[in-house]
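Working notes, beginning with the structure itself.
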Amino acid sequence: MSLERPVPRLAGAWGALGLSGLGLAGLSLLLARQEAPAQLGPAQPGLWLVGITALLLLGAVGIRQSAQGEGHPARTVPAAATLILLVLAAEAALRAYAVPTGLIPTPSKVLEALWAARTVLWRDALTTFVYEALLGFVIGTLLGLGLALLSVRLRFLERGLLPYAALLSSVPIVALAPVVIKAVGLGVASKTIIVAVTVLFPVLINAVRGLHSAQSMHLDLMHSYAASAAQTFRDVRWPSALPFVFTALRVAAPLSLINAIVAEFFGTEGRGLGFRIQIEVGKFGLDVVWAAIVVASVLGISFYLVISLIERRILPGRR
Amino acid sequence: MRKFALLSALLAAAALPTVQAQTKLTPIRLQLKWFPQAQFAGFFVAQAKGYFKAEGLDVTLLPIGDQSPIQTVATGAADFGTTWITDLLTARQQGLPVVHIAQIFQKSGFTLVSLKASNIAKPADFKGKRVGVWPSGNEYPAIALLKKYNLTTSLDSTVASPSVQAVTYPFDPSIVFPDKVDLVSAMTYNEVDQIAGLGYSLDKLRIFRASDYGINLLEDLMFTSQKTLDDKDFKGSGLSGKEIAARLVRASLKGWNYAVKNQAEAVNIVLPLCGNTCKGSGTRADAKAHQTWQMAEVAKLYNAGATLQGKAGYLDPAAYKSNVALLKGVGLLKADPAAGAVDYSVWEAATKK
Amino acid sequence: MSEGGSGKWVVGSGNGQGRVQGMTTLPASTPRRVRRPSNLLPMLAVAVFAALIYWPVMLFANQGAAQKALDSGADLGCKTALACATQLRNPVIPAPGQFWVGMRSLSAQPFSATAAPYNALVTGGETLLGLGLAVVVGLALATLLVRSRSFERATLPWLVASQTVPVVALAPMLAVLLGQAGVQGFLPKALIAAYIAFFPVTIGMAQGLRSPDPLQRDLMQTYRASGPQTFLLLQLPASLPYLFTSLKVAATAALVGSIVAEISTISFSGLGKMLAENSRASDTVALWVIMVYGAALGIALVALIGLLERAVTRWRPVA
Amino acid sequence: MTHSLLPTSHSPPHSGPPIVSVRDLGMIFPVPGGQTVALQDANLEIMPGEFISLIGPSGCGKTTLLRLMADLISPTSGQLTVNGGTPRQAREARSYGYVFQAPALMEWRNVLGNVRLPLDVMNTPKDSRAARAREMLRLVGLEKFERSYPWQLSGGMQQRVSIARALAPGPALLFMDEPFGALDEITRENLNLELLRLWRETGKTVVFVTHSISEAVFLSSRVVVMTARPGKIEGIVNIDLPQPRGEESREDPRFFQYATEIRELLRRGHE
């Protein structure tokens, strides 16, 4: 579709990117002196903003040029440069407008908080990610797969239960959190259960869909070999179901972390990223709040990537 | 002829604003700290009785859930707000230019409640117990109280083995009490009655009022942003922000004075305004009864301290100083707030005192 | 519940996703067009079974809570845990009678400010507006992604990352910032819903815009069709089925978004606001009623999108 | 777009300048780790009114040659003129119709809408589009199906729609890339007859890519035999069977001679 120049012009790209990045970093440093304002609103925000926008545009040109071609840098530089430039621009803009930390912290403040609160955030992440999200994810997946196998074997169950599962999957599960926490308690277990329930339905629905996706030609082939039901399952049904299951898992992975955090808003025993966010919001420690969000985000992406990696390992050559 | 008519119409339109400046009401958004309930009776009364209008103000009262009103005011989404002093001072520490202008409640209504059967007789007994607190900035009275008795909580991330296990939950005491915690947070005017509604009549409860133990962290106060106070012509009203603030405080205090004197009437004004939050819980799930309780309790918080000396709305400097000391003690404040944190001139202009 | 008989050309099969590796579920092609027996009877049987076990499950859940309350000396107006189980004022699971009373009291005057139907309509409206915004943004982003490889390389990783950010943590701040810009009331919640919904829509649309086969593109080239003509006559109609599939996924998420936004921002109405209020007032029965309304709303939204899909993509064979 | 579709006196071949002229044409595709010579030193002239078939094994460059003529790709060497200009000019003048291996119909347009598509794109007068599309449908015998959607038609019917679509703007030149390759033998022979009738009635020049020797002999006035690796033109066979042709033409002894000749050429290229 897009007619892009075939000649990589990385050299020019580096120039534009470097200039833009250095400019934005310089602006931020210049503006650093303008901290601790008496009130919202800068001296000359318009002027600063024009500068920031101009540098961003320059960076955009650089990003465009660096994205040409098929080399490794052409595939990695643009995304990295986008992040770096946007972070720098946010830093400069927030400083130009002298936005207080209690409202939106500058990226540098968030980085500082990330470092200063590293042990606390590490413990919180451990609770939220490992015990709530990951455990709930595993339980929900296993339950979903089990139910899927069961309902594929028992047609009655499939026809009676699955329509409800599909309906339930369009129910906002957050509404469940207060009730589960009330019934189960404030500890980690209630969050694990909530995550498991949110993972269960998509896995169940996709697994059943996948188990039915086997091509009839393949099934006929197995039939012609007089293969047993177990063999047919192992060699045809299960492999054709896997891509569907992995699609559900990839969606569910980051979602399980987010749901664990949401569930923590409804009660904790004093641990977890959701708990930390609530506590720090109360103190207007928004730098720590954003640090927690960054941690959650990085964990969510990593979880997603790991699932994708496993998928590629298990389904070689299918993607 | 036509041309002339048009011209005169234009002239009239141009003249209008100056003529209307006296009669046109200035729109004001006042951010309450919670959903509508008798906790804010004074403001609702001022609204219903036309006290705001008499001051030339057209006030919209905004409700909020468990967030801080500070942010809505600091960003200009609201012009004025009510909040707790802890909230205001921590916000200022983080660079949010908000200013205290009037103190409505002169006494803290924060309590920790336990069952008498659990044999917790004094704060020292809290050691090793489980305490339920509300996150998002409402946990500090509890922390300060515990701190006073050298107890540490799991809310403090620097403490390796806390002597009290704190749990967080979203306000509803029935989620945790009494099976999941030994002590539960409760405001005298709200949750105490809710707990009673769960089937624990007051004689079965032991109520530790923070104020009884010298932890009198002030609650509902009125504040605004520095920007509003510095405004020379607030929203084109021709009046300065300070003058508007003074009028708002004057009308609000008038409302409050009326509400605490005529509690039944105030409750009747509040009832149609609050939705599902009006009702208590359990056996006391009756909106009117619960709001009547609330009004009576709130009146006690209003009629205390400076109010008793005829200075309703005044922030007693001694109380303020002890509040700051408390918050520094629990590590929430790193230093004394700048002098600009409290602006007494608004209250003085409002009360002519 | 399958997308049965969607025709050969809906090629998304749960794994092949072209350049964009989305996190969204895909239109599954289950090309069998066999008339299956009605699910009504099995569904009914499952419903009856669920109704039958509801009572013992409810008794079990509430009896424990009642026993604990009685043990701690509460006066519940009943003597034994079993007797109390059906009349707790804030039960873990409401007895059918309690639920019915709660349902009636919250639905009696359907359009009063405290009634569930009215608030469900508000939430539904916010969600629909959010979905509408998501479609606009998603279409714009998808067009850019498909048109420009530079844009795709620079932004796609961050679009994926945006979905790992716990929006609930951001919702209050987002609402405050929007409030500063004068955006208040209905719109901030719709925007938060849109934030959640835009990603699946973007990925679905990008896939859809790429879905026309090369021959169809060549055909347009032989006509010397302009870029906009190819877009309007080929790519856009080809992407519609993908759009609706992704919208169904997005609808539930957007609903969660607007409910959470109602809980955590200044809100005068909506199911989320009701949820917050009633949770403060310890009214569990009301929470259950609101949950049921939320579930019905989720199902209604998905059904509405399904209807719209049938109306817009009338060329597709009926399953 | 001025070409009439109505039966004209069938202009005899080899009159006037060639409508397509191919000179020393070469096409090289880059592939991972090297390059593929898809077409080498191709030379060919196509006269107005001719029915030319390109035949050869997979990879002999026959589709490449057709796509070069249609300006769907650009050559790496040599000259190519179509309709007296460059292929690009020919495409931009919308002077040819193209029928693909698959029908490539728009699933969301009904049969009539699909035939109307080129008219919509080319912005012909709005009020005449539907009439024109119906006329084309009549020509391929599908006038009763104008409201059907593609999925409701058989493969053969779909391909007929795509032929009607290619004819709709009234081009003088028709490029057909194995249009009947995916169809069964009976359907294919029927469509062959129908195509011949269309060719006779409309006087178009057809360039037709096929795998099938008998199809090529039956349809063409000349058959261009191509061989693979590298793709090149092995020889050109004049098919001198009488017109109009019908089922009986397949029984003609010369039919078999031509088929044998083509087979020999193909074999020679294979060795």
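Letters A, B, C and D name the chains as they come in the text, with residue numbers starting at 1 for each one.
Simple rule for what comes next: a contact is a pair of C-beta atoms (placed from the backbone, for glycine too) under 8 Å apart; a residue touches a chain by one contact, two chains touch by 3 or more.
Just so it is clear, the structure is predicted and the values come from calculations on it, not from any experiment.
Hey, what chains does subunit B share as contacts with subunit D?
Output, common partners of subunit B and subunit D: C.
Measuring between Cα centroids, what's the chain most distant from subunit D?
So the chain farthest away from subunit D turns out to be B.
Hey, how far is the Cα centre of subunit A from the one of subunit D, in Å?
51
Between subunit B and subunit C, what distance separates the C-alpha centroids? Give it in angstrom.
Computed from C-alpha means, the inter-chain centre distance equals 36 Å.
Can you give the whole-Å distance between the Cα centres of subunit A and subunit C?
18
Two or more other chains in contact with one residue: find those residues in subunit C.
172-173, 176-177, 279, 284
Name the residues of subunit B that each touch 2 or more other chains.
Expected reply: 67, 71, 75, 170, 172, 174.
If you look at subunit A, which of its residues touch at least two other chains?
103, 178, 182, 265, 281, 286
So with touch defined the way it is at the top, what topology do the chains form here? Options are line, ring, star, complete, other.
other
What are all the touching pairs of chains?
A-B, A-C, B-C, C-D
Would you pull the subunit C residues touching subunit A in the complex into a rising list?
Contacts found on subunit C: 1-2, 13-17, 21, 23-26, 28, 30, 32, 37, 39, 41-46, 61, 92-93, 146-150, 153-158, 160-161, 163-170, 172-173, 176-177, 248, 251-252, 255-256, 259-260, 275, 279, 284, 287-288, 290-291, 294-295, 298-299, 301-302.
In their shared complex, at which residues does subunit B touch subunit A?
67-68, 70-71, 74-75, 87, 90-91, 93-97, 135-139, 153-155, 157, 165-170, 172, 174-176, 180, 225-227, 230, 332
Once bound in the complex, which stretches of subunit B touch subunit C?
It is residues 31, 35, 62-67, 71-72, 75-78, 115, 117, 170-174, 178-179, 194, 197-201, 204, 275-283, 285 of subunit B that touch subunit C.
Touching subunit B in the complex: which residues of subunit A?
For subunit A paired with subunit B, touching residues are 36-41, 100-103, 117, 119-120, 178, 181-182, 185-186, 265-271, 275, 278-279, 281-286.
Across the complex, what residues on subunit D touch subunit C?
My answer: residues 67, 70-72, 91-92, 94, 96-98, 100-102, 104, 106-110, 117-118, 120-122, 149, 151-152.
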